[in-house]
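Naming follows writing order (A, B, C, D, E and F), and every chain is counted from residue 1.
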Amino acid sequence: MRPSGRKLSDLRTVSIETGVMKHAEGSCLIKMGETHVLCSATIEDKPPPFLKNTGQGWVTAEYGMLPRATNSRTRREAAAGKQSGRTQEIQRLIGRALRAGVDRNALGERQIVIDCDVIQADGGTRCASITGGWVALRLAVNKLMAAGTIVSDPILDHVSAISCGVYAGQPVLDLDYLEDSAAGTDGNFVMTGAGRLIEVQMSAEGAAFSQEELLHLLDLARTGNAALVAAQKAALGV
Amino acid sequence: MRPSGRKLSDLRTVSIETGVMKHAEGSCLIKMGETHVLCSATIEDKPPPFLKNTGQGWVTAEYGMLPRATNSRTRREAAAGKQSGRTQEIQRLIGRALRAGVDRNALGERQIVIDCDVIQADGGTRCASITGGWVALRLAVNKLMAAGTIVSDPILDHVSAISCGVYAGQPVLDLDYLEDSAAGTDGNFVMTGAGRLIEVQMSAEGAAFSQEELLHLLDLARTGNAALVAAQKAALGV
Amino acid sequence: MRPSGRKLSDLRTVSIETGVMKHAEGSCLIKMGETHVLCSATIEDKPPPFLKNTGQGWVTAEYGMLPRATNSRTRREAAAGKQSGRTQEIQRLIGRALRAGVDRNALGERQIVIDCDVIQADGGTRCASITGGWVALRLAVNKLMAAGTIVSDPILDHVSAISCGVYAGQPVLDLDYLEDSAAGTDGNFVMTGAGRLIEVQMSAEGAAFSQEELLHLLDLARTGNAALVAAQKAALGV
Amino acid sequence: MRPSGRKLSDLRTVSIETGVMKHAEGSCLIKMGETHVLCSATIEDKPPPFLKNTGQGWVTAEYGMLPRATNSRTRREAAAGKQSGRTQEIQRLIGRALRAGVDRNALGERQIVIDCDVIQADGGTRCASITGGWVALRLAVNKLMAAGTIVSDPILDHVSAISCGVYAGQPVLDLDYLEDSAAGTDGNFVMTGAGRLIEVQMSAEGAAFSQEELLHLLDLARTGNAALVAAQKAALGV
Amino acid sequence: MRPSGRKLSDLRTVSIETGVMKHAEGSCLIKMGETHVLCSATIEDKPPPFLKNTGQGWVTAEYGMLPRATNSRTRREAAAGKQSGRTQEIQRLIGRALRAGVDRNALGERQIVIDCDVIQADGGTRCASITGGWVALRLAVNKLMAAGTIVSDPILDHVSAISCGVYAGQPVLDLDYLEDSAAGTDGNFVMTGAGRLIEVQMSAEGAAFSQEELLHLLDLARTGNAALVAAQKAALGV
Amino acid sequence: MRPSGRKLSDLRTVSIETGVMKHAEGSCLIKMGETHVLCSATIEDKPPPFLKNTGQGWVTAEYGMLPRATNSRTRREAAAGKQSGRTQEIQRLIGRALRAGVDRNALGERQIVIDCDVIQADGGTRCASITGGWVALRLAVNKLMAAGTIVSDPILDHVSAISCGVYAGQPVLDLDYLEDSAAGTDGNFVMTGAGRLIEVQMSAEGAAFSQEELLHLLDLARTGNAALVAAQKAALGV
């Protein structure tokens, strides 16, 4: 029934390759089927100004998309002279999600910038960015700990994200672009490795939805996120 | 326990005054306690370009805040030369929420622009904007129907929104600024008059949250939105 | 003869309500007939950089207009990405006018920012902004003096402003939008409580004008400004 | 008493050289002492969009200043990414002043753009721009008439402008930079060849001023503008 | 002597992988050692406005760099709100170079946009963009010809580019970042498959250089470009 | 054969008038036939931030063009809100070229800004800017040396620039606009007084070119630059 032939609760093939950007303190290329996102982590010695002298650090994210990551070419934001509302909304979500998995006191007065650049888009780029961004973050923190710059691990748990939606009347996991375009209700679910919730964002694209539908999608998301955490662990060799 | 002395499931005093902007096709001033938002609706004869010749209309929203709506002055976005990511995220949410309550075929090839300008801010401005924006939209559509421009009512149901959150360990309804700043988990819940869900946005500000907490806040939101729908009806005299 | 039925030297109904914005150090809502402007004053501890270590303070102003303050919707300047030339010209005038009524040495090294936001426009918004802006300024300075932060009153006199013009061949006071659109010559006159001149700006919209016309409008303006000063006093209860 | 040794009612040496820009339809270099402004007129076949199908034309102006026209270097506006409020205010004044001397029906559906670029600044650049801009406009209109494109002369009269102010307690004509920086009250006076008024802009830089002072400066301006009109005629050889 | 151990006339390892972006009409990932650039070609049905009704087409290019493509993170241009002068200069060069190898009449009234995005930078990104951009262009044109949209091949010859410079007193081919930073004179040489010149850009970074040095570098470039053309052919399987 | 009647190796009439801007530390008006550029030098006490505490100085350049310097009016970059890619490319070239002729250690920790503003354009504006910009730089440095601020002359040699191209099949020197528009291959050649090369930029506008053509144009450029250096010396009276 799904355009890809997947079962309702099937993720797309997930692959996470680490160490793909030689200059970054942490990096990975995450592929969720045909959605490919390059994630890198940059460690900055100073926190943002509003955290000066608080002992706390910060994690922030920026998101971009190559012009031809999409089916028809999207105008380059640098040429347009500004980031779209969609871009800003996504990068705010990624930053918020990753910060929820970090003890900012343990991180200390520094900032880690996660760049998520979509090389190819087929739906679910913000979720892939969170899942891959966490791997880049983990690698950068590992480097800080290996160097003794940080003593106590500031990372509280895994963070991953997956989309779910109602496609052709059925709740499905991990929508690709074709499904996403046609979905009634859909949502993004950010969770911890322990299965707790960090962010739930559900929207009615057509008709409003019920609490039962919300719970059904949440159940699917739980399965999907568990598989993503396993993929993160495999990629990190832990 | 709440700074305002309200009970856990108390809304702030709600007031919706209609017809406050003489030039607009629909307008109201909504007050949720000390949060005051001016909402206006503008009818445009043409839909946005991507809907030309589709027979469908569009509802969109813009959001702004007077510089001294806030406790310390916020830089004027027009002077800064761009809308912040927060502003764009909010106005996208308002537009999406209101569109979910409209039959865009019945609206026909025209656009209604909802402007929500925060005159005074004390938490919950995006929810007040949705609830008040819907009233302005309803009034503008009434005008189109009274003039016979539209025959069949494109408005499917009421749309309202309320925030809930966990404050001092307790789930509370309709957070004001003091509560919002200190809340652990909080969320915004957009619902229809019939109690169905349009948008659910929950974020862990500190620790991740459980499904039970989500459901608890959802219950509170249901009560709050029912009261807001009643206030919309009273303001419209229906 | 006037569209509103007013006599040539009639002001519109003036109302000034103070204390309308809970966060501001001074605020008022001024109504000149259907022209409504929200004015707020913000006290900043530091003067602008060019006055550092001079012992002098500064008063500046910013001006904005809600998109639907006007008959047809005006594009939001924050969305357009810049303030129009008209906006900049008006806010420069407001700042200059208010500074002319202030002893900047007595004010000391701080800045007061006056925000004038037009809620509804029906002609004369820049004059209403000056008259109302002065009330907000007066209230903020009162607060500084009550706190003992400032000892000697830096406000030298009232400042108010009114427009006059030649409409249908007759000099009239306080043009509304209909008159303003059709006026030949018109001008804005900023004066002190003592009746001295702070700013005179007269433009020929059609044919050039004579010195006699200038003097005639100036006489009208004198009457109008005297009434505005009385309204300022009444609003402040002095 | 004046830094330059001029008498109170002395203009600086005025020179207007025409035909200085080979590509422009009209051009001149106007020098008011050490203030030098290059003015050019460009004829565009189409009026601005808001005049389409009205039979009327438009005259507009743009103003700029070379970075090192001033004593200390001014940041290039093209590099800063926007025109300052001062620039916009000045170019709006130039356009308004020149339009007041034109019959826009006789001009027909076309636009003339006057560019005024300050090569060297020593006070009074906006007035010099108006006086020189009018010469460029006159030359461009002459070209249209010589070609038979326009039959009836749309130029109603000369337009010129001069500043006056109170310097060291005395009313003086045509302030240079040193005087302008120290002046109490000053103003710009735009007049027709017949001595009628197009624009009067007076500001109290320090203390407010009286009607008598206004009239005194206006008298001085009348003398100055008469001399400028003579210089325009001489430059045009009429 | 070279940091990489390469001989003076050694290229870095070149690899060109085609078909890497599923949505693009042509794409490749070119690697020159540690410099990696993703190149895509987008076919647009319409030429730019200035070519309307001329029968001619256009090839243009845009260039970007992921923030962490570089050793220390570079600010994202979309966030900065504009493309740097360097970026604009590079993308103008790429477009000019590729157009020089195309018969724009044979291409017909359409535009091909080449996007070159640097995934990892180690010197020579503009040259790699030209060499890889040509492969993407070739693939897109192949698609147009296969579809019969274009009958006569508009591509005149291969286009490739290589940098050369004087490093440690010796002329070297294909500078990497370490060499580029320390090079005295360096240049970029764009050539055709037949060995003719399209663009020569040489700059003295330190002391001025002689005609002999220019010719020496040109000889090196000829060798390098011949090898790049071979790599293009291998990648295309021709 | 040339539109101007010049011989193949003729420069246009060159004139360099110094001291034309009273505020600048150095200035000249350079005319290459109908191409006129105003060049000024501004001495700033501080170097750019990246040179702080290095003992080195910097020379930078900005380039602009009056809107009606060109045959049809060019949009004012300050009004457009950004400098074009062409402008940025040119000003980067001017800065790079002038720096190549300066010993930045001898200059010391200060910056000299060269502004080149095209008053009238007829081809070759970037070359005229370099040649005239060097004269302005020389004059500013003379002032620093006369004041004893700098002891050892930081200027290593003259810097001048000239364009050459293939017009109607013949290599010609110093292209004017008509020739430039029709030229096949053309280039800009920046050289020192001693005849060494600082920058060579050659582009195939149509067909690719050969090494012989490059050398032929380089020979022409050598003659042209020698004449320009003579003109610089004459203007400076040395």
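Note that in this section a residue touches a chain if its C-beta (ideal position, glycine included) is under 8 Å from a C-beta of that chain, and two chains touch if they have at least 3 such contacts.
Chain-to-protein mapping (UniProt): A, B, C, D, E, F = Ribonuclease PH.
Since we're looking at a predicted model, the values are computed, not measured.
Chemist: Once the contact rule is applied, which chains count as partners of both subunit B (Ribonuclease PH) and subunit F (Ribonuclease PH)?
Modeler: Per touch definition, common to subunit B (Ribonuclease PH) and subunit F (Ribonuclease PH): zero chains.
Chemist: Among all chains, whose Cα centre is located farthest from the one for subunit F (Ribonuclease PH)?
Modeler: Most remote chain from subunit F (Ribonuclease PH), centroid-wise, comes out as B.
Chemist: Using mean Cα positions as chain centres, tell me which chain lies farthest from subunit A (Ribonuclease PH).
Modeler: With centres defined by C-alpha atoms, farthest from subunit A (Ribonuclease PH) sits D.
Chemist: Roughly how far apart in rotation are subunit C (Ribonuclease PH) and subunit F (Ribonuclease PH) when fitted on CA atoms, stated in degrees to the nearest 5?
Modeler: The two chains, subunit C (Ribonuclease PH) and subunit F (Ribonuclease PH), differ by a rotation of 120 degrees.
Chemist: Need the CA-centroid distance for the pair subunit D (Ribonuclease PH) / subunit E (Ribonuclease PH), whole Å please.
Modeler: 51
Chemist: Where the CA atoms of subunit C (Ribonuclease PH) average out and where those of subunit D (Ribonuclease PH) average out, how many Å apart are those spots?
Modeler: 28
Chemist: How far is the middle of subunit A (Ribonuclease PH) from the middle of subunit D (Ribonuclease PH), if each middle is the mean of its Cα atoms, in Å?
Modeler: So the centre of subunit A (Ribonuclease PH) lies 59 Å away from the centre of subunit D (Ribonuclease PH).
Chemist: If I count partner chains per residue in subunit F (Ribonuclease PH), which residues reach a count of at least 2?
Modeler: Touching at least two other chains: 81-83.
Chemist: Moving around the ring in the sense set by going from subunit D (Ribonuclease PH) to subunit F (Ribonuclease PH), list every chain once.
Modeler: D, F, E, A, B, C
Chemist: Using the touch rule from the top, collect the residues of subunit D (Ribonuclease PH) that touch subunit F (Ribonuclease PH) in their complex.
Modeler: Residues in contact with subunit F (Ribonuclease PH): 21-24, 27, 34, 38, 40, 42, 44, 62, 64, 66-73, 76-83, 87, 113, 115, 117, 119-120.
Chemist: If we count contacts the way the header does, which residues on subunit E (Ribonuclease PH) are in touch with subunit F (Ribonuclease PH) in the complex?
Modeler: The touching residues are 82-83, 85-86, 88-89, 91-92, 96, 100, 157, 187, 191-192, 194, 196-204, 206-211, 214-215, 218.
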